[in-house]
């Protein structure tokens, strides 16, 4: 029994451990490759580039842990920021505008939640629809205009730092929320319900878990946090255009699953997600410092995502000994041949045109 | 009250009333008809043969890829890398045909499909053999393949004037009855996929694996091979789509088909493919793609303010999904009442 | 901007004097081991790559290093991330084509505070976030020029439509504004602007929009598309609809993309400046600031190699010149 | 006769462990063609694991498998299938989205030149279903089937393989007598034609009816193999449990109290109609019926899962509307569903978390969890039901089928309901535990709980109920007092006229 418990704990800890090791490795590599990496003010400044992602990631952990997905967050971000900007341009007080936009985001979340929890539509289908719908509303509001001229009290949200420490104010906001979301997920009945629903929604329902209500709450949370991220991003930009934050949802999902939250629902930790955010953050920053092109950076993040899951499994297989029968060798030879042929064609054909 | 997964693909029925009831696509067809009537009232050009041909042209590539996407979704997977695979094969094929203007242009098709097969197989290996969850694997490959386009081309696009003139005929030529090749390709793919899914064991395995993977293991179905196959097919069809894309738009750019994956997921979802795997059928996907095509086409025809177009598009997709599920539920209730 | 563009040349000073004023000594000697960064809106776009060619030419002449660094997609968030890592490296200067004029201002300001000179080119940064903006062409010239061009091509009479990039692209909107001004003139009374649509700078969407225009307005005579993606897509849509000669396409495009359509008559003429010169001028301007020849104040004058002398106007804008009109007679002299 | 031929399957010194749990220790087993060989053992004894090794689902840690005398290794189920080994697993494993015919034929669909021959497939499936006495359209989706119907489809699948070895892991656990008879008739035919059959059941009387020999496992170890003709029930139990057992249906006589639940004209469209009955304090009300009679649907309606479309439910004389399980639980109703895998348990969560799920709020202050209290309660619940486990932190999915069922019971007893609905409560539970569960039910009733027990096992219904309702095709067709009820009367009321 002892043995078994240890095995269980190790299973949970392994992922976070791997992330910590990766973070240390990347940090070390960065400090070797660039003299500018280990510089507090540089690190702090780049932190604020990732806070909106982080803030949206927190409820995304909830959403994915229940076995759902929310593709509409970046659009909700855009809608809230645009509504705020639109009201502000219409002469409203900025904080009143923020409040109204925040309320609007609750409705956005309620619509998602209603369609998913009450009408039992798949979250992917619903949020693909609201992805266009909410972004579309942002365009309808601002059209070809940009909202600008926000007061400094507002831009402080995204640009301000804590006194002379250089710690971005948005980092504080994120840290506070991360703590709350983490505790809710791991220490409360709400968190327990999330995991139960993610593992077996029907059994949860049969056990009296208020499945629909919890889903509603989670999707509302997701939208509200997206709105908050929207205000911070608008504050950081000092302006709002209706396309603000387009495409961020994929980054948020990438970070969440890299953090070990099972895409099928039912498992994951908040610490893992935060560690993944740190990992992606310092990796991006480091790659920027050594002047890797944007696309190359994307390739590396993509590889990281895949290899972080692939390599541990592969290692385990190697450790337990590969079964070198003829079938395996044939297949391996086939794969290698195809890969080599593809590689040759790839490099040869590109020179044909590029050389001209 | 329990969550019921939407249910699809019905076998032939004997009793007359059940044909209508069990016909999964009723909802979407009603929606298409309603939308068409409304649009025609605003602009009668909508109903013209010309416009109809344009809609079909515009959705042909989407349907080809959406069918591949559906097969992946039926196995409980998703392929987010389709846009990047299309872009990469489009670029590589375009480079090749411009480098060898003398080569018979139809060879571009097998070339594209072959390249696509390699890309899809890599996805398949990572997912089926490596055990990486599909959404993670293909999210990663989305960036990787897109990055490779950039690396491959060094940012150099291929423009219309660089292609051999016959290359555009690949998609736009009209050898049979004046129907453009592009539509013919789509029809061939639709029929092939239908046959594959309905009449081959491997095709049936796809449904079995998606419906209950544990049971599939007990039943001795080759799960890994099945999963590998759908991703490889996805690659092959993306390769075909890449060639057609380059031919139709007469250009290969670093951002070709960027973001296309969302549409290829939307079409099956609107067409009733169960996003949790196990069910879905070809007709639904085709209708789903058709509906998306109509929405895009009609938004330009009804002269809705361009600032409202995106919102209208999202709203219509939402409505389609909701209306479909309502009609489905109504029909189910009706059929269960009649059973008694 | 890159006419696929997003941001605005705020200033529209028609009176900018590009003519030679006081000449400053050539900056070539002052190069040293400076590293300037040329930041496009995104990588993998030929227009910007051409600008980079010009920038490299300038670098060679000046004896500095110019690195071409961009994000994967044309997105302000990514661009800010990139700029932050560039600032951290303490590069010698930044020349940025901004994805969002306002959003990039704070980070530009931060760079300037750290003594890293910032200029924007092609697509403006709000004045607080850059020292100088290098404007490819005067917005009013572009806007009015487009109308004059289409009027000539369709014989001064008929329905026309505009196919723009995204509805949020401010420079497109500024140009469209001047087009509408120009249309009010009596000599253009025969032209009727029936619609403005947006192709979002996506090939596919632009194509569909152009198709839609021809269907909704069967007697459409011309399409103006002040964006490289849109004009090429329109050319193709007109060709595919077999309406060459009936519907004339013009706007802003690159010669390579438009070559086929110029020759087929789908788009007999269109305009653009030389992006290579734009990159060239940007690096010269940056170098002039970096070496202290100028501060970026209005009225300062500097020499930019083969392009001659430039003066900074009162909005901190340097104007490259007038756009070139490409047609069948000259298109084969250009390759970008 | 058996001594001359080699056994079709022979297992020698097989051991298997999962993580820290030793499921099988040095087990021997063999089965000859033309023999029905029963496997017997308590829940968690290792029966299912043993057959999974025979079918290639699991790989043994050590030991050897022989097929017709030759050593062999099944790397996967396909390999075992090609050797003619077919199996029905304990948990129904159908494809919910496929129709019955395809579930039966999956991977072996009849082919013609132009691909899968659907017509032939429906014909063959229809014939098989008829043979099993199942009047279902082979085009019906498996999703729409009840657990028992699913089990029958599984049996049809195994039969359609024409296997040399047919392995059945508790195929009868949710079948009623009629279906069991039909199944046994087929098994006898197969035995006569030389098929080797491995049969697992916790219903000892079935073993006496069908099995030739029986092998008993205890705690993963081999105990003995005996011929059924010279073994008694008591001996079997002693081999299984290691001790003898007292009474099997220890029903205490209680005086039923006031009516707590009254159902009037309850109907759910398409499922059942006009069901009326009363349930009293301290009473165990049995509910019998054939498969698909609608008993489960009645329970689901009362528990608010699929609310009634008409009719009323009264609690303590007051009309209540129950439209969700949450509401039902507030009214102190509990429901142990028949499908434990889908509805009863969250397999990937721990035993503790499963047991406390319905009452988790009780272990929290301002929703802040007190894990110590929770674990304590879970431990008590699982000890009471004798769950065989490594600890309450163990995942429920790792437990044997019977032990999973005990966790479901522990979970609902933990809610301390006034009215407990049990849907096939002892499905897959071994005799020893079954007796314990029955004793517990009896005690709970004596303490004043009202129990509605749906069961397809006639002896259980007869042995445990104070009163028995019988359903047929969505209607109540009979009510019997404990004294009146006989198997014949119940069957007559349940059978389709």
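Per-chain residue numbering starts at 1, and chain names A, B, C and D are given in the order in which the chains are listed.
Keep this in mind: a contact is a pair of C-beta atoms (placed from the backbone, for glycine too) under 8 Å apart; a residue touches a chain by one contact, two chains touch by 3 or more.
What you see is a predicted model, and the numbers here were worked out from it, not measured in a lab.
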- Message: For the interfaces A-B and B-C, which has the higher count of C-beta pairs in contact?
- Response: A-B
- Length of the line joining the C-alpha centres of chain C and chain D, rounded to whole Å: 73
- Could you state the distance in Å from the CA-based centre of chain A to that of chain B? 27
- Starting from the mean Cα coordinates of chain A and chain C, work out the distance between those two points in Å. 34
- Task: Could you list which residues of chain C touch at least two other chains?
- Result: 43-44, 72-73, 167
- Query: What are the residue numbers in chain B that touch two or more other chains?
  - Reply: 1-2, 146-147, 150, 153, 156, 274, 307
- Among chain D residues, those touching two or more other chains are 305, 324
- Task: Can you identify all of the chain pairs that touch?
- Result: A-B, A-C, A-D, B-C, B-D
- Item | Complex contact set, residues of chain B against chain C | 43, 45, 48, 50-51, 54, 58, 146-147, 149-150, 153, 155-157, 159-162, 172, 249-251, 253-256, 258, 296-297, 300-301, 303, 306-307
- Message: Can you tell me which positions in chain A touch chain C when the two form their complex?
- Response: 34, 36-37, 39, 42, 45-46, 49, 52, 139, 142-144, 146, 148, 155, 159, 233, 236-239, 241-248, 284-285, 288-289, 291, 293-295, 297-298
- In their shared complex, chain A is touched by residues of chain C numbered 42-44, 67, 69-73, 75-78, 80-82, 84-90, 100-103, 105-106, 110, 166-170, 173
- Given the complex with chain D, which residues does chain A contribute to the contact? 1, 3-5, 7-8, 187-190, 192-193, 195-196, 199-200, 202-210, 266-267
- Message: Could you list, by residue number, the parts of chain C that touch chain B in their complex?
- Response: 43-46, 49, 72-73, 167, 195-198, 202-204, 207-209, 211-213, 215-216, 218, 232-233, 235-236, 240, 256-257, 259-261, 263
